[in-house]
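Shared between the two complexes below is chain A, which pairs with chain B and chain C, respectively.
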Partner chain A sequence: MKKWVEIFLGILTAMGGFVEVGELVFSVNAGAKFRFSLLWVSLVGTVGIIVYCEMAGRIAAVKEQPVFNLIRERAGLDAGLLTLVAATAVNLLTCTAEIGGIAIVWQLLSGWPYRWLIVVAFVFLLLTVWVLEFEWIERVFGLFGLLMCVFLVAAVYLRPDWGQVAAGFVPRVPHLESTSEYYLFAYFVVALLSSIMLPYETYFYASGVIEDGWNPSDINLNRIICVVGMTLGSVLGVALVILGTQVFQPRHIEPELPGAAALGPAMLFGKVGLIAAILGMFFAFAGAAIETALTNAYNLAQFLGWPWGKFRPARDAARFTLAWAATFALSALVIITGVDPVSVVEYSIVFSVVILPFTYFPLLVIAADKDVMGEHANGWLANALGWFYLVVITLAALAAIPLLIITHGGQG
Partner chain B sequence: MQKRARSWSSWLWMAIALAAVVAAVWVEALSKQPSGRANLKIEVASLRSQAAVGQLLAEQSAAGNLTSTFVAAQSSQILKNVDSTRARLRPSEFEPALREDVARAGDLSSRLSEDVRALEDAGGDGAKANALKQEFAELVSQLLTLEDSLKS
Partner chain C sequence: MREFLDVVRSVLDHEVVDSNEMPCGMVDDIEVEGGAGGELRVTALLVGAGAWADRLPRPFGAAAKLIFGRQRTRVPWGEVSVITERIKLRSRASELGLGGADRKASRLIGRLPGA
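And now, the complex of A and B:
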C-alpha cells in the first residue's frame, strides 16, 4: 500500500512540477503564433525528457552517482568544468526568471510594488528550503502546482477541433508567408523543445533519487514515475498550446506576461478560474525556482566533492547550503535591477538547450555501459532513443543562438 | 571512451561558440544601418498585441470576471511594455522612407498608453472598462492595418 501511495504521489508531483515560466510563455505563444503546428514538438520533447530522466534516475539508483560526478568522470576536468560553469549560469538565469515570474503573479494578486515582491519572494524561498525537508518541498510545490490543471480544464471546455489537435502531433512545417516566419517557426521549435527538456530537470531528478534513498529495487518505480508523471505533465503543456490557439490567436494576442495567460481561465470560469490560474502559476514557478537553486548546489557539490544533500543538517553540508542560498540571492539581485523578466525567460530557455548535449552525452554513455550498469544497462530501445535525442539536441544547440539573434529574440 | 567524450565536448563547444560569434558579427554589421521595415513591423506587432490584451482585459473586467487588483496590476505591466516600445519609435532610428509610418506608430502608441492608464485607474469599475473596450478594439484594428502595410 505504501508503495502505491509513493507511486501515486510521485506521479502527481512530476505532473505538477512539469510546467515552469518558460514553458508557460512559449507554449501559449506557440499556439497564438502557429496554432497547433508545434504540438509535435511537445511530443518529441516529452519522450526526450522521459528517456534521459529515466536514465539519470536509473544510474542514480544503481550507482548512487548523480549527473555531475559522471560528467567530471567521463568528460574530464577541463570540459567538465566548462559544462559546470555553463550549467550554473543557465540555472541562475532560470532561477532569475522564476523569481521574476513569482513577483509578477504576486503583484496580480496583491497589487504590491514589484520590487518589494522580489524581496518577499527571495525571503519566502530561502525560508521554505531551509525549513522544509526535501520530500515536503517536492510534495507541496508539485501537488499545489496541480492547480495549473485549470488550464487543462479550460482547454477541454474551449472545444477545439480535436482532429486538428491530433494532426498537430504529426511533425510538419506549415505554409508561412515569409522567410522570417520560417526562422521564427524554427526558433519556436528549438525554444519549445528546450523548455520541455530543461537541463536542471535531469540534474534535479537524479539528485532527488539519491535524496530519497532509492536503490536498484526502485528501478520500476523510477520508470513509472518518469513515463506517467511526465506524460501527464506534458498534457498541461499541450493544454497551454490549445489555449493559445483558441483564445489568443483569434484576438491577435501574443501573450508575453503570465497574467495574460490567466485571462483564458478567467474568461471561462470567472474569478475562481483567475485565482486558480494565478495560484497554480505561483506554485509552479516557486517549485522551479527551488529546483534550480538546489540543482546549482547539487552540481557544485558533486563536481567539487563537497558533502551535499537536504537530508544532512546545514552545518554538515555548509558549502552546499551556502550554494543554494547564494543562487536565490544572486537571482533576486539580478531581477531587482529592473531587467525584463520575459527577456530573462527567453535567454534562459535558449542557453539551456546549448548545454543539453554536454549533460546528456555522459549519461547515455554510462547508462549503456554494461560494465558499469550490469543487468540495468540500457536495452536496444533506450539506446536507440538516447542516440536519436542526442543528435536532435546537438542540432538544436548549434541552431539556438543564431536563431535567437536572427529572430530578434523570437519577435520575427 | 573518456578520450572520445572529451574530444566530442571540445568540438561541440567550439562549434557553438563559432555559430554565436558569426551570428553576433552579422547582427553588429546590421545594427550600424538605420532600422528597416522588418524592425518597425516588430514594434507595431508588439503594440497590436498589447492593445489586444487591453481589449480582452477591459471586456473581462466589464463582465465581472476579474478582480480590481488584477486589472490594475496587469494594466501597469502592459503600460511598461507599451512605454518601452514607444521609446524605441524614434524617427531618426529608422530609414527616411519609413518616417511617416514611424510617426503613425508613435501616435497610436501614445493613444494606447493613455487607454491602458485609464484602464489601470478604472480598477474594477465595469462601466468604465466597458467604455474603454471599443477604444482598444479600434486601436487593434488600426495597428493591424499598419502592420499589414509593413509586410514586404
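And now, the complex of A and C:
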C-alpha cells in the first residue's frame, strides 16, 4: 500500500513540477506564432528528459551515491569542473528567470510594485526551504503546481481541431513565408526542446533519489515515476501550445510575459480561472526556483565533498545551506537591478541548451558503464536513446547562439 | 604476496568520510614517496581546494584558489580504514583538521532558529 502511495505521489509531483517559466513562455509563444506545428518538439523533448532522468535516478539509486560525486570520480577533475561551472552558471540564470516570473505573476494578482514583489519572493523562497523538509517541498510545490491543470481544461474548452493537433506531433517544417520565418521556426525548435530538457532537472531528480533514501530495489519505481509523471507533465506543455494557438494566434497577440497565459483560463472561467492559473504558475515557478537553487548546492557539495542534503539539519550541512541561500540571493539581486525578466527567461533557455551536452554526456557514460552499474547498466534501448539524444542536443547546442543572434532573440 | 591498488582509479577524486560517516572532503591529490626507477609508495591523501587547484592549468588554478581558498590538509595514508566508493578514515574529521570551513559556517548559521 505504502509503495502505491509513493508511486502515486511521485507521479503527481513529477507532473506538477514539470513546467517552469521558460517552458510556459516558449510553449504559449510557439502556439501563437506557429500554431500546432511545434508540438512534435514537445514529444521529442519529453522522451529525452525521461531518458536522462531515468538514467540519473537509476545511477543514484544503484550506487546510493550522488551523481556529481561520480562525475568527478569517472570523468576526472578537469571535465567534472567544466560541467560544474557550466551547470552552476545556467542554474543561477534559470533561478533568476523563475524569481522574475514569480514577481510578474503576483503583480497581476496584487498590483504591488514589481521590485517589492521580488523581495517578497526571495524571503518566501528562503523561509520555505529553511523550514520545510525535502519531502514536503516536493509535495507542496508538485501538488499545488497541478493547479496548472486549469490550462489543460481551458485547452479542451477552446475546442481545437483535434485532427490538426494530432498532425502537429508528426515532425515536419510548415510552409512559411520568408527565410527569417524559417530561422524563427528553427529558433523555437531549439528553445522549446531546451525548455523541456533543462539541465537542473536531471541533477535535482538524482539528488532527490538520495534525499528520499532510494536504493537498487527502487529502480522500477524510478522508471514508472519518470515515464508516467513526465509524460503527464508534458500534457500541460501541450495544453499551453494549444492555448497559444487558440487564444493568441487569431488575435495576433504576442504573449511575451509569462502572465499572459492566464488570459485563456480567465476568458473561459472568469475570476476562478484567473486565480487558479496564477496560483498554478506561482507554485510551478517557485518550485523550479527552489529546485535550481538546491541543485546548485547539491552539485557544489557533491563535487567538493561537503556534507549535504535537506535530510541533515542545516547546522550539519552548513556550506550546503549557504550555497542554496546564496543562489536565491544572487538571483534576486540580478533581477532586482531591473533587467528585463523576459530576456532573462530567453537567455536561461538558450544557454541551458548550450551546456546540455556537457551535463548529459557524463550521465550517459556512467549509466552505460558495467564496472560502475553492474547488472543495472544501460540496456540497448537506454543506450540507443541516450546516444540519439546526445546527438540531438549537441546539434541544438551548436545552433542555439547563432539562431539567437539571427532572430534578434526570437523577434524574427 | 604484494598487493597493488590502482590509486588513480580507486582513490583519487573519491569522497572522504570520517569515522562517523560524515563527508569531509574529496581526495584532491595523492602524496607519493620514492623516485624514478625506485618503488613508489602512497604516503598521504591531500584534501582541500589548495590541493585540487594545483592540478588545474595555472590561470584556472589561481582563480579556484581565489574562490575556494588555499586550504590543503594532509591525511596520512595510515588513517585510511576502508576503501570502497568512499574513502573512510579511522578518526573524526575535527581530529584530522578536516571540515574546518563547515564548522565555521555551522557556527554562523547555528544560531538561527531551526538550524
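Quick note on the criterion: the second predicted complex is superposed on the first by the 412 of 412 C-alpha atoms of A that agree within 3 Å, B and C clash if a C-alpha of one lies under 4 Å from a C-alpha of the other, contacts with A are read in each partner's own complex, and residues count from 1 in each chain.
Note that in this section a residue touches a chain if its C-beta (ideal position, glycine included) is under 8 Å from a C-beta of that chain, and two chains touch if they have at least 3 such contacts.
Keep in mind it's a predicted model, so treat the numbers as computed, not measured.
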item	value
Clash or fit (per the criteria above) of chain B with chain C on chain A	fit
Touching partner for A:260 - first (chain B), second (chain C), both, neither	first
Chain B versus chain C as contact partner of A:76, first or second or both or neither	both
Which of chain B and chain C A:164 touches, first, second, both or neither	neither
First (chain B), second (chain C), both or neither touched by A:383	neither
Which of chain B and chain C A:128 touches, first, second, both or neither	neither
First (chain B), second (chain C), both or neither touched by A:307	second
Touching partner for A:357 - first (chain B), second (chain C), both, neither	first
Partner chain in contact with A:394 - chain B first, chain C second, else both or neither	first
Touching partner for A:110 - first (chain B), second (chain C), both, neither	first
Partner with the higher number of touched chain A residues, chain C or chain B	B
Gap in Å between nearest CA atoms once chain C and chain B share a frame through chain A	10
Contact residues common to both interfaces of chain A (with chain B and with chain C)	73, 76, 78
Of chain C, residues touching chain A in the complex	13-16, 22-26, 47, 49, 52, 55-56, 60, 68, 85-86, 99, 101-106, 108-110, 112, 114-115
Complex contacts: residues of chain B adjacent to chain A	1-2, 5-6, 8-10, 12-13, 15-16, 19-20, 22-24, 26-27, 38-39, 41-42, 45-46, 48-49, 52-53, 55-57, 60, 64-67, 69-70, 72-74, 77-78, 81, 84, 140, 144, 151-152
Chain A residues touching chain B - in the complex, by the definition given at the top	73-76, 78-79, 82-83, 104, 107-111, 177-178, 180, 251-257, 259-260, 262-263, 266-267, 270-271, 273-275, 278, 340, 354, 357-358, 361-362, 365, 369, 394, 397-399, 401-402, 405-406, 408, 411-412
Chain C-facing residues of chain A, complex	63, 65, 69, 72-73, 76-78, 80-81, 130-131, 301, 303-308, 313-319, 321-322
